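Have a look at these structures, which come just after this line.
Common to both upcoming complexes is chain A, partnered first by chain B, then by chain C.
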Partner chain A sequence: MGDHPNYYSIKHWLTTTNHKDIGILYFFTSLYFLMVGGTLALLFRLQLAFPWMNILDASAYNQAVTMHGLIMVLWAVSPLSFALANYVVPLQIGAKDLAFPRLNALSYWLYLFSGLLAAITFFIPGGAPDVGWTYYAPLSTARFSPQPGVTLAGLALIMLIMSITVGTINFIVTVAIMRAPGLGWSKLPLFTWSILFTVLIMLFAFSPLATGVLLLAVDRVLGTAFYTSPEGGAFLWGHLFWFFGHPEVYIVLMPALGIIGDVIETFTRKPLFGRKYIIISMASASFISFVVYVHHMFNTGMNPVVRKIMSITTESISVPFGVIMLSFIFSLYKARINIRTPFLFAIGSIFLFIIGGITGVFNSSIPLNHLIRGTYWVVAHFHYAMVGAALFGLLAGLYYWYPKMTGKMYNERLGKLHFLISFIGFNILYLPMFIMYDMPRRVYTYSVPEWIPLNHVATMGGYIFGLSFILLVYNFYKSFKAGPQAGNNPWGGWTLEWMTTSPPPPHNFDFEPVISGDQVTLYTNGGHPEPHVEHYTPLPMYISLALFVTFLGLIVSFPIFILGVILTIVVLGKWFWSDVLDKFVIPEPTKSERWPFERTTKVKFGVWMLVITEAMLFAGLIGAYSLIRFNMIDVWPPGPVAHDVRLGGINTVILLTSSLTAALAVVYAKMGNLRNVLYSLLATLGLAGLFMVLKAVEWTELYMKGFTLTSELPASVYYVLTGVHGAHVIAGMIAIVYLITKVIKGRYKPGVYEGVESFGIYWHFIDIVWIFLFALFYLL
Partner chain B sequence: MLSSLIFELPGDPAPTWYSLFQLYFVLGAAIGSVVLGLMFYFIYKYRDGKSNEPEDIKPGRIPGERSNVKIILGFFSFTAIVLFSLAIYSIPLTNYIEDVPQGEDVIVIEVIGYQWGWRFIYPNGTESVGEVRVPAGKTIVFKITSLDVLHNFKIKDFRVGVDAVPGAYTYVWIRPHQSGEYLIQCYELCGVGHANMVATLIVG
Partner chain C sequence: MEDANAVKLYTIIWVLLVGLTVLEVWMVAMAFPPLLLLLGVLGLAAIKAIFVALYYQHLKYDDLAISWFYLMALFFALLIVMVFTGGSGVWPPQ
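Now for the complex of A and B:
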């Protein structure tokens, strides 16, 4: 610590943990992926300009559309909103940083390396995945798409989900318990609210996707048959993917809505109309987003009653968005509108969202859906929603906060020109696609002559839209070099980020914002702001690099894989050790507004969030189990026949006893009896070890009997579920070793029991999961 | 209406589909124009220099609530009523399109999608690849499955389509009354040959 690298040095950017720096890193990285995804789009738009174009053959075309979708949705648009969230949210809530700055850096580096892992598939034999970004099984299984790129991009996705999980937990904890004194929930700016809803959706949506991708990876690497057998197959993937896939739309969209809210308030000089109801609508939309996903599977011949119910839930999700949009528009009534670039982009976003939303209602109608599914109508619709509404909203945010981030004002005339050209280009690109509502998407050529002029126009629009971004890059670059000083609050905004300097100091505020009633007061502490230590660490970058090497090695060459594993262990060991020595401690905020979580520390809160997302992971796995078992109800061997109930029962007792010893450890920690904490932890470790040994014995016996991972589907399900659980037990054991080391090194003082307590929460959760697994596999 | 003048409708259930599409389209276009029109009117009317409204946003002050429960409830009920009436209105049309006709005079043709083509099996057991012949005036049911990956069987001129799922059957029906040749195409990415996975429906 202590040594602060120069702000402009490479070392600074590789080791920083400051949320503003991470935000800027996110910005440049997402801009890079936006360019990669955009270039792919321009390539295949050119291919489609005429049916006789010969730029991409069928395979290259499929690779381009697949990677365009994956990169744009997962590595470009959503991370761009996290660039802004990272920079702005801690400022808006008056915090010095996020709750876990080092984990924030880890989020970023995992994101960067996962994106590189996905992009690298273009350069390995067999090329990039060409199965569509939805990765529909069985096309994505090894039988139909044997090329390693499909697996590698899947692994990249798993790495990205790690990044997202860490990031989500970080943001939830930050917003929940790090708000400036007096900044109650009702006073939070809309952008912060929108990010909170975004990360809450992410917390629930991404782990079922992890389940889906994990099963796919197991299929492809180890040869199981989750997605090639009709019992799992297309339906299993459909459910796991779209449970994530539909909420993902709102993950992409929600931050844009928040930005629009803030921008409208600032540029109309009036409070948002129906602010409270906008927030309630956002909350209900977040919830409903999880119960509409089946409309993506209307065409698969599933139960008609379920389909009709889902058709109605799908229509009902338009209601909260209707309220949000109408409230935004009503906010302009009797306002004093200052038409600047951020405002124009916000209005553009509303305009495009209304078109995207109304055309989305068509999709909820089952008969209309039958025809427009898989056509350019759908392409147009979701681009209006996800590119139009989301990206234009994010651009509004970029122009809005540019002066805060750089201290310089951008060129207004160029900004407005960028809006005009991109808005016109966008509509020339996507409006014709609504007319092509019967042309199939993802085809590299077409035979119907009526489609030629429309495609041609769309391609021209695509180039206008794509090239308009040169204006943004030029404007931002030029203004950063030679723009006029912006001052602290060029727009006269009320939110806290405008009350500090532009750009803000590393610790965000030279004073402490305190809110009472509707007044923000700045306490300067007599010119001595609370000390803030900047932390620098290369570990997040190293760990992401090590995982990158591991995953790449798994696909490309075994020695590289081994190297990656060794690197990962070494770096994890370093992280572990630096934590044992308390090298990276950020004190708990003492004065912050944290209702109703006054009694929860940030680590404990984070562990609770982790438990939620882990529960969703196991829910996905158990869902897969249920679907498969239901589909093979007559041939699935009953639990007591296939498995040794006695052995399983003994193991259950062992694990439950370890829960007891873990609880004892917490009790002793609270009493300050460190010696007994040590003994209880050792007992827990021993019992967990015994559990794993018995598990290994059981697995070996089953293997001997021919009940192997690939022998039959029930066996695959059993091994994957108990295997994932076993991995969690081992992770818990590592945590115990960490706690024991800390106790032995005398790092725990009596009265400090946060670590032991947090571990206890996690451990009880693992044991509860086992009770479910025991019942599902051994008893039923 | 308009669409029947512009497009040729070669048979059922295309007219039903169009009537539903038209309803959604007209309603969507009307609501969209009104809402967007209102937005532009407000921007025009209250633009800076023309508006004398006081500024209520001040740095360092949390703005108060500006809302009117009645108006918000109006937004809510308006959206909800429009959407639910649409949903209820579509139920009989949905049932008409979704319910597979049964009976003596219905011709059931099995369709097998594979990478990359369509095979048709007639009721008498004969097979054909890449084209299917059906008589005009009869109800035809296609009983669809896939040999390998997901496909999507679509006859765009009849406004029908459904996924071809391996290990399961899905159904669409048509009642052609105009002889001619119609394009059958796969609408779900199914591999390198996807774009050329076509067949011809010959009515006559």
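Now for the complex of A and C:
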């Protein structure tokens, strides 16, 4: 740490925490996964070009389709928007970096290794998952799909969710409290707005998926029956998956809309028409995205009342998107348009989104949904929305910010050719699929003669679309090597990223950007920028690698698993120790625009966001409890399920007391009474330990009575919920040990209480969860 | 809030939380009707959670916007529980 490796050295790229470098790493990695996912698509399109082709057998076809979906949605398109967000958002808000640079690096490395973990499944016995990207249960359970690849890809998903959680928190905190002075919410560029909405959706959507995958992993590894039980097993997965799955569409799409807005504003040389309404529409679409997901489950025999409600909400989500599209189109009216490659991709994206959006409205109709569900109509619809609109929008962004990132201008003619070929190829690929509305989507071959020419055409379109990306790679490579200098602001852009050099310096700006009035105005501070603290650390990569080894070992071999666990503990210990010694400190921004979070420091804000994701994780678990209990209403044992109310009550009082001592630690920290801080923390640690001992006693007693993890579904629910809660208690205990070490090492100055307070927020949340678990398991 | 007052306030809150826990257990011991027990116990749990959030987690003294995040999570959590149970076709339970 501290020394600056050469920019082109491997060491630099393995240890960097600078947001621009991380953005570039995200870009290349997502491009790699885009190629992997695209190659799989080309393979199965070839298989479908004619009936009874033998390029892929049924199993290989299912593997290719499953991995194509997983990789494209989770490891390619969405991370590509994170690549741009990493690079551009801090520049657009006038910040020097993201709020937590080291966590940003951790987010990237977790993403990379999770993707590699998923890709490895192709090379293990049994092959890659073949259960569809939706991982529908009970098909994905060990009873029906025993191959280890399904488990390993699930573990990769858990690792990816860790990455996303860390990244999400980082972006929310950065945009909320690190904006340049004067950069109020109304002046934020549309791309930054779109990223903020994207990460907010992620904040609430991914934790329930984590719950779903966790229960699947427990089913597959430990033999529980959450998803194979007749008491709502398949329903449970459907709910947990689609609560994430539908908002995921907007996670992929929203950044593209932001890019389109910025691109249109720049290339029409005038402000967006109805800019305020675009932002309001983005906000409302983000919210509504959570209350439409049941339309993916219309055919499951769902309660009719819920179906009707979700049918209406599904239709209503077209309203905000209609507003956004109309605003974009009206912005072109009477504009002096500079037709360049980014603009072409933006317009292409709007065109494709309108097709994808209108065809999506059909899915909200329950009768129509019955007809078209599981057909190529749906494949065409969601590819128009998620690939057409999202990918074309992201490509607009890549061409738009390429000169900023490299300092070089790409070849405009090649860029336009790329747009033309990819746009034509895309439509040749997916338009025929609307006509194939009667062809089932999950078949590896077919014999209906009417489908042959359409499949043939679609395959040709797929190859045209896929190969068009060679132009992009060639153009960017060639231009980087020998392209003309782009200058700082080649497009005449209005946002802050165009006010600095191309590429920007490590600290982003050689001046302090200050905005005043309605117009963006920049003031320098006399050419004496605050030094940007450049940090280099391999720890994020090491932690991700250690987790990779752990998860791989869980499937491949027990010694490797143990090695992974040891490595993880060692590296985490090193990370915590470097924190104890304050080796990696990013000072709190002092002059930033932070309304309405003036009193919230960035660490505290980050912990709050962590608590929100945890709340959603437990919401998913309690939702699972609730679903199972209501489905077992006749057989659920009357009264408490073999639980000792007295023991549960004692444990409740113990945790409540630990909350009191944790709260008192903050009071004493504010007073500067470090001795009392130490005693309060020690008391909290002792009470937490006592809680865990009593839990262990209770678990042991229940086990002895035959109430085991796999004995019955109520037992599985009990052990998983209290087990996950117990894991959080242990994590909290580790945090207390960290704080105690800091106090003992004299790293706490009297009156500094941020760390203790932030820990308290987490600890009290654990208390709140237990308050409800006590009621649900011991009292009701 | 003065720090000396804070110690007193937090201790009072703790007494209140323990008292509400005793009340919950008492409701079970008194064998209240199922619906009343359900509403009573969950209601008391919610009150306890609100006290912990407001005072121990300092929501009462922090930026209001943080509370909005919490309320949003609460809304989605309730949505999940309601749709999960209601959507499976067994609501209302017979």
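Please note the rule applied: the second predicted complex is superposed on the first by the 769 of 780 C-alpha atoms of A that agree within 3 Å, B and C clash if a C-alpha of one lies under 4 Å from a C-alpha of the other, contacts with A are read in each partner's own complex, and residues count from 1 in each chain.
By definition in this document, a contact is a pair of C-beta atoms (placed from the backbone, for glycine too) under 8 Å apart; a residue touches a chain by one contact, two chains touch by 3 or more.
None of the values given here were measured: they were computed from a predicted structure.
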| item | value |
| --- | --- |
| Which of chain B and chain C A:Phe290 touches, first, second, both or neither | second |
| Partner chain(s) touched by A:Ala619 [first = chain B, second = chain C, both, neither] | second |
| First (chain B), second (chain C), both or neither touched by A:Asp767 | second |
| Chain B versus chain C as contact partner of A:Val305, first or second or both or neither | second |
| Chain touching more of chain A, residue-wise (chain B, chain C) | B |
| Touched partner set for A:Ile730, first chain B, second chain C, both or neither | neither |
| Residues of chain A at both interfaces, chain B in one complex, chain C in the other | 235, 301 |
| Chain A-touching residues of chain B, taken from the complex the two chains share | 13, 16-17, 20-21, 24, 28, 31-32, 35-36, 38-39, 42-43, 46-48, 51, 53-68, 71-72, 75-76, 78-80, 83-84, 86-87, 90-91, 93-94, 97-98, 115, 148-150, 152, 154, 156, 159-163, 165-172, 183, 185-196, 198 |
| In the complex with chain C, residue positions of chain A that touch it | 204, 208, 232, 235-236, 239, 243, 290-291, 294, 297, 301-303, 305-306, 596-600, 605, 608-609, 612, 615-616, 618-620, 622-624, 626-627, 630-631, 633, 640, 645, 649, 652-653, 656-657, 659-660, 662-664, 666-667, 670-671, 757, 760-761, 764-765, 767-768, 771-772, 774-775, 779-780 |
| Chain B-facing residues of chain A, complex | 58-59, 61-62, 65, 130-132, 136, 138-139, 144-145, 187, 230, 233-235, 265-266, 268-277, 299-301, 304, 308, 311-312, 315-316, 318-319, 322-323, 325-327, 329-339, 347, 350-351, 354-355, 358-359, 361-362, 364-368, 370-371, 373-375, 438, 440-448, 489, 492-494, 498-499, 515, 518-520 |
| Interfacial residue positions of chain C with respect to chain A in the complex | 3, 6-7, 10-11, 13-14, 17-18, 21, 24-25, 27-28, 37-38, 41-42, 44-45, 48-49, 52-53, 55-58, 62-66, 69-70, 72-74, 76-77, 79-81, 83-91, 93-94 |
